[in-house]
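Structure below; questions to follow.
Which chain is which? They are A, B, C and D, in the order written, and residues in each are numbered from 1.
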Amino acid sequence: MQPTAASFAELAAQLADIGRHCYAQGWVLGTSGNFSAVVSRDPLRLAITTSGVDKGLLTAGQIVEIDGDGNVVAGSGRPSAEASLHLTIAEVRHAGAVLHTHSIWSTILSDATAAAGLAIEAYEMLKGLDGVGTHEHREWLPILDNTQDWRAAAPRVESLLNEQPNAHGFLIRRHGLYTWGKDLAEAKRQVEILEFLLEVMGRKRGMTWQP
Amino acid sequence: MQPTAASFAELAAQLADIGRHCYAQGWVLGTSGNFSAVVSRDPLRLAITTSGVDKGLLTAGQIVEIDGDGNVVAGSGRPSAEASLHLTIAEVRHAGAVLHTHSIWSTILSDATAAAGLAIEAYEMLKGLDGVGTHEHREWLPILDNTQDWRAAAPRVESLLNEQPNAHGFLIRRHGLYTWGKDLAEAKRQVEILEFLLEVMGRKRGMTWQP
Amino acid sequence: MQPTAASFAELAAQLADIGRHCYAQGWVLGTSGNFSAVVSRDPLRLAITTSGVDKGLLTAGQIVEIDGDGNVVAGSGRPSAEASLHLTIAEVRHAGAVLHTHSIWSTILSDATAAAGLAIEAYEMLKGLDGVGTHEHREWLPILDNTQDWRAAAPRVESLLNEQPNAHGFLIRRHGLYTWGKDLAEAKRQVEILEFLLEVMGRKRGMTWQP
Amino acid sequence: MQPTAASFAELAAQLADIGRHCYAQGWVLGTSGNFSAVVSRDPLRLAITTSGVDKGLLTAGQIVEIDGDGNVVAGSGRPSAEASLHLTIAEVRHAGAVLHTHSIWSTILSDATAAAGLAIEAYEMLKGLDGVGTHEHREWLPILDNTQDWRAAAPRVESLLNEQPNAHGFLIRRHGLYTWGKDLAEAKRQVEILEFLLEVMGRKRGMTWQP
């Protein structure tokens, strides 16, 4: 994956568009969710949403630029408390954009199994994930336990990403979904693919009656 | 919580926006729901929606100002029959805004248990509630029986609010959700948080099949 | 109930608005559904949607005026095949507007019982129905068998409406919902109330798991 | 059925409209789905969506014209990998337009039975399908196994279409729905009818509790 060549201002505008889109889909209600894109790779700089903003009304002015330690270097506001997760993913996965949603189905399914992850297998829609060329694919979405200290948890996330090099995202228990892409368009596509498949997995678990 | 410093006209316009937004989400169909904001604290004055209006078409002209006894002091129209509930909440909780929705899930879940309330626990989304800083939180939403005489029921509601000082809202059985905030933005955020969590709680109860 | 005093042109424009609104709600997909309003009472004249039009794109030009025998007296196009149902309801119930939707939940619930109707009881939302002043109300929605000859079935419908003078609507099995009102605003409100309650009744039937 | 007389440019604009509409309905998330319309019958030429585009942002410039062998003859971009399916349907069914959606319910229901198809019977909504004049109709939607080589599978699809001359569409297992029509308006109507009925069939399978 290659980082995008867009400027901070361009990325901030695109992040605001994607944030309002995800809100309209019902995936980031009530100030939940956070989104980032890589402004530069060396040194690492991210454009990232600030904390506590209504994604239905998200503007480019609510995006800040942070460095690799999470310090704000442009814009004003407090970056998301999960900024260290975004930085870790951007580094380990060489991602150009990281999106995090709090949908109904990711919340429920992250909690529906005692296993360390959720398998999604043999759906045509899986072909929308980067590098997947056939429906004969088994996607394993790891599930992490939730925490309020993602800075301390960064090594755990880094290990997980290294142990599961084929994972296109992960779930946090009773919390939501993280996915990423080489740029914002790919990350947006992967959010839609995974949210669709989580809805399929959730709704089929509700079918108990045979006609 | 501090009341807002906005004028009646400003609050009426904001209430109309929020009403149309809640309608678009499917939470106040068929003239259901009512919304208020504090115009002044001493004496207590509320801007509140009038009775029987279509929230999908809500305008500022359909908002009236009432005093602490529920009498209209500005605007025309009959205030909501539940105005006394809004007044009680504004006083006891020092709320700047009170929102009441009639969603599918609040209607169902208010009726799904014989208990006096519904527990929602350990979800990240709970952090969107005022003063909650971790997902390790147990929100207890009390459930009140429904009535058509909220003026007579005001002492019962006042007792409940005093007995449950940590509750961020309550349900009325087969009726809907009440929540509030220091201002309209916070109240809107809490409606979204609670409606989201009620949908999660409702949908997970529909999952009976294990793959 | 009193018929409205609006002209055919005004009613046609309002019917088009309501049709597009119901389409956006998912209640009249694929050219399904039909809507009417009384232009004059004596002689009886209805403005009614024509057959086979896409309600998402409904225009006033796709509404015709018919007389009490179902003959077109203004506008061009073939009136809905269910025009005789609209005429019967307008006469027997003295309705000013009649709305018919084909929603998911009305389709399923009309078929979920062998009984001659569906009871909906003790919900606050019932107060949105004409003349209902308390949630302590039991609405009985009769269910009719479907047919392709509504002209022949008109006496059956007339009997049903006379036998059930308190019903605010009825279901047709595997087909949908009919409701009405003294004018289009009331009929629209009642569609929303009944569709909401049908969704509540349908979704609660899916809750099998107790936490 | 007769092919439409519209030009490639007109059809490309109409396909873009329909693509964005289907995206808004949630039927073609994450670049899934593909749509075509017949530009000429002899020789056969199709306007068809290109591969990997976001249907929420679909423009006429993302539509190409292909010949009967699937070669691009106008516009730029790679035609959908399922172009051979569109060509086969256009030929065998004399269809003027072919639409393919990846909805939640078509994905689930295509996988909910071991049978070679899904029966949908006795719903009024079936009358929206071409040539169906009564609800007393049994639609049999064949289910094909999925593949990544639709060119090789074309004879299998052609046989199926010939063996099931009354089918208005078919499902591909864990993949989605294909339907068609004499023109785009009819094909759009049939997508809505079939998606509605699939949602009804899926949701009724979730109703396990009797009040």
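Going forward, contacts are C-beta pairs under 8 Å (C-beta built on N, C-alpha and C of every residue); 3 or more make two chains touch, one makes a residue touch a chain.
What you see is a predicted model, and the numbers here were worked out from it, not measured in a lab.
A.B. asks: For subunit A versus subunit D, which are copies of one sequence, does the interface use mostly the same residue numbers on each side, meaning over half shared, or is it different?
C.D. replies: Looking at both copies, the contact residues mostly diverge.
A.B. asks: State the chain with the largest centre-to-centre distance from subunit A, centres being mean CA positions.
C.D. replies: Ranked by distance of C-alpha centres from subunit A, the top chain is C.
A.B. asks: Counting in whole Å, what is the centre-to-centre distance of subunit B and subunit C, each centre being its mean C-alpha position?
C.D. replies: 31
A.B. asks: Would you kindly tell me how far, in whole Å, the mean C-alpha position of subunit C lies from that of subunit A?
C.D. replies: 44
A.B. asks: Could you tell me which residues belong to subunit A and also touch two or more other chains?
C.D. replies: If we look for residues of subunit A contacting two or more partner chains, we find 204, 206-208.
A.B. asks: Work through the pairs of chains, note which ones touch, and then classify the graph as line, ring, star, complete or other.
C.D. replies: Per interface graph, the chains form a ring.
A.B. asks: If you look only at subunit D, which of its residues touch subunit C in the complex?
C.D. replies: That would be residues 122-125, 128, 133-135, 185, 188-190, 192-193, 195-196, 199-200, 203-204, 206-211 of subunit D.
A.B. asks: In the complex of these two chains, what residues of subunit B are touching subunit C?
C.D. replies: Going through subunit B, the ones touching subunit C are 29-32, 54, 102, 104-105, 107-108, 111-112, 146, 148, 172, 174-176, 201-202, 204-208.
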